Amino acid sequence: MRKAIIGIMGPGSGASPTDLQNAQTLGLLIADMGWALLTGGRREGVMHFASKGAHERGGLVVGILPSDDDTHTSEYVDISVKTGMGSARNYINILTSDVVIACGMGAGTASEVALALKGGKNVILLTESDEAQRFFKGLRPDLVQIAGSPEEAIELTKKLLAVPQIFHKKM
Amino acid sequence: MRKAIIGIMGPGSGASPTDLQNAQTLGLLIADMGWALLTGGRREGVMHFASKGAHERGGLVVGILPSDDDTHTSEYVDISVKTGMGSARNYINILTSDVVIACGMGAGTASEVALALKGGKNVILLTESDEAQRFFKGLRPDLVQIAGSPEEAIELTKKLLAVPQIFHKKM
Amino acid sequence: MRKAIIGIMGPGSGASPTDLQNAQTLGLLIADMGWALLTGGRREGVMHFASKGAHERGGLVVGILPSDDDTHTSEYVDISVKTGMGSARNYINILTSDVVIACGMGAGTASEVALALKGGKNVILLTESDEAQRFFKGLRPDLVQIAGSPEEAIELTKKLLAVPQIFHKKM
Amino acid sequence: MRKAIIGIMGPGSGASPTDLQNAQTLGLLIADMGWALLTGGRREGVMHFASKGAHERGGLVVGILPSDDDTHTSEYVDISVKTGMGSARNYINILTSDVVIACGMGAGTASEVALALKGGKNVILLTESDEAQRFFKGLRPDLVQIAGSPEEAIELTKKLLAVPQIFHKKM
């Protein structure tokens, strides 16, 4: 039976303390809702702290790894999907997530937000970066929502899950 | 905490009745062992029946889909990973599976067995095809094992899981 | 003998008349320099007009298609690489281009710029979007350069090609 | 203007002297026909010798690399497409080649033949392996042709190119 999968995207080494705290809170709230958590799988930054949060509440954590082994996989990942594709796996993160939450911002996160918007998928931004908000809102005002806190991001996620989303293939 | 993931590869529309029965038995035995099952995710053939078997015993089923949506996803898949990569996702199946069991044989299955051998990964063949056994045994006698039944495949899997495998990157 | 490959990334259906004109000029200047042109390969927008420009000057055009057939391939593409991976091919565009020029801006283009920056690769922006310039300059001021015209973009490209670039794998 | 692309697939380090000689002859015959040559791009085995043959006759060589850089790229490759996807790039080799010739046999080559057959694409086998011929002929007798020499492989290629092929998406 298909589980709802919520993807948390965010920086690895460049994450701020606020990003890490938000990530952990998002992880535990997602577990509490009974949703599966999807991250980029590595033992670093937002991926790692979101996984930790979900794990501590008994949630299921799916990590989509860029690598072809588990050398850098977070110990809080339950299902380690090894793609061996590097950053091309960012597209799988987006396709697989029913809702995408960007927690913090960096080049990798920006690529994931952009790939989601390209496919017509909703994205929730939880980031302190005004430039990111302005840029992505400008690209697709209909698809980008701004959250001020992890709790607000979860409220927005609930609403998005209630409406079946269609991923528009635009090549 | 990383779950062991056992991949069942096998034909979709071309599966024989024996293949389907073997797939379902493999699925339930994998669930009974507490391992996660990985399949190609579609509602057809070996993928579908292995997923059904695991589901009926409360196992966790990970489907790695070739498509970018769930139109053809088996209802027994819990975690639907949408890759949008077509048959290139066969490589992810191999990288992600701790042990690979080929149940039946077809062109797609053959590609998965070959990709596993290319990377130095053990493969268990549960197939009636003599040509397949001879061909793959000839390619890598050290990595290919022949099982005569689902039960025997599971016994071989247990032994392989006991020895940490290394995926040898050979480009 | 490895040819230098210059990638022109830009919107398909959302390209402005200025984007299309810039793309065509970039294509012909790239051909005049003896470089190969890389685009996303489709018969639309910046991809198509850059290919047209290069073709008219006898340049070699490599198209990296998201699809697995040539239904939507530009007639100006000489080498049609069919990936069947959808937007995951954007990463191949970046890895394969010695220098990346973003001509115009859209969600797909943004993903390509972001993937390039993630890997530590230089990007030249030729776009009227202030938000894009500010956002990407803010992400990686060391890697993003702004060009005011196709001619300026080519001058910057020459300088970048003169210094061997290293693609930094950051997973 | 789309060039016809002929893919030569074959072992790297495991290639026999006959395989290497056949590869080089295939490369030069392909160049003489005015077709582009596609290989896996590395400086080893069948890939390298086919590229060498084509290069010596002034042919265009496209290398689809598994890596994300050119450390192991053959010096006879003109267009180096860096995928960063490991063996998942084998699928791109197949999708991009108008005709696939397997020269020799190994695990990687077997995966490419199997992926081609999975998609309904014609394959020409130029290999001394009886097991390979029997196995692949058994899988898809309608799609597999056996060549006894490079010259015969080229004759078969001409016939296949004369009939427009359709790649059947079978997920």
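The letters A, B, C and D name the chains in turn, as written, and every chain counts its residues from 1.
In this section, a residue touches a chain if its C-beta (ideal position, glycine included) is under 8 Å from a C-beta of that chain, and two chains touch if they have at least 3 such contacts.
Remember, it's a predicted structure, so these values are computed and weren't measured experimentally.
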Legend entry - Rotational angle, Cα trace of subunit B fitted to subunit C, multiple of 5°: 180
Legend entry - Inter-centroid spacing, subunit C versus subunit B (mean Cα positions, whole Å): 39
Inset, instruction - Compute the distance, rounded to whole Å, between the mean C-alpha positions of subunit A and subunit C. - result: 27
Legend entry - subunit B, residues touching no fewer than two other chains: 68, 84-88, 91-92, 119, 169
Inset, instruction - Using the contact definition from the top, classify how the chains connect: line, ring, star, complete or other. - result: complete
Legend entry - Of subunit A, residues touching subunit B in the complex: 1-3, 5, 36, 55, 60, 62, 64, 68-70, 73, 75-85, 91-92, 95-96, 119, 167, 169
Inset, instruction - Would you tell me which residues of subunit A are touching subunit C in their complex? - result: 12, 42, 66-67, 72, 85-92, 105-108, 110-111, 114-115, 117-119, 129, 131-132, 134-135, 138-140, 169-171
Legend entry - Residues of subunit C that touch subunit B when the two form their complex: 68, 84-88
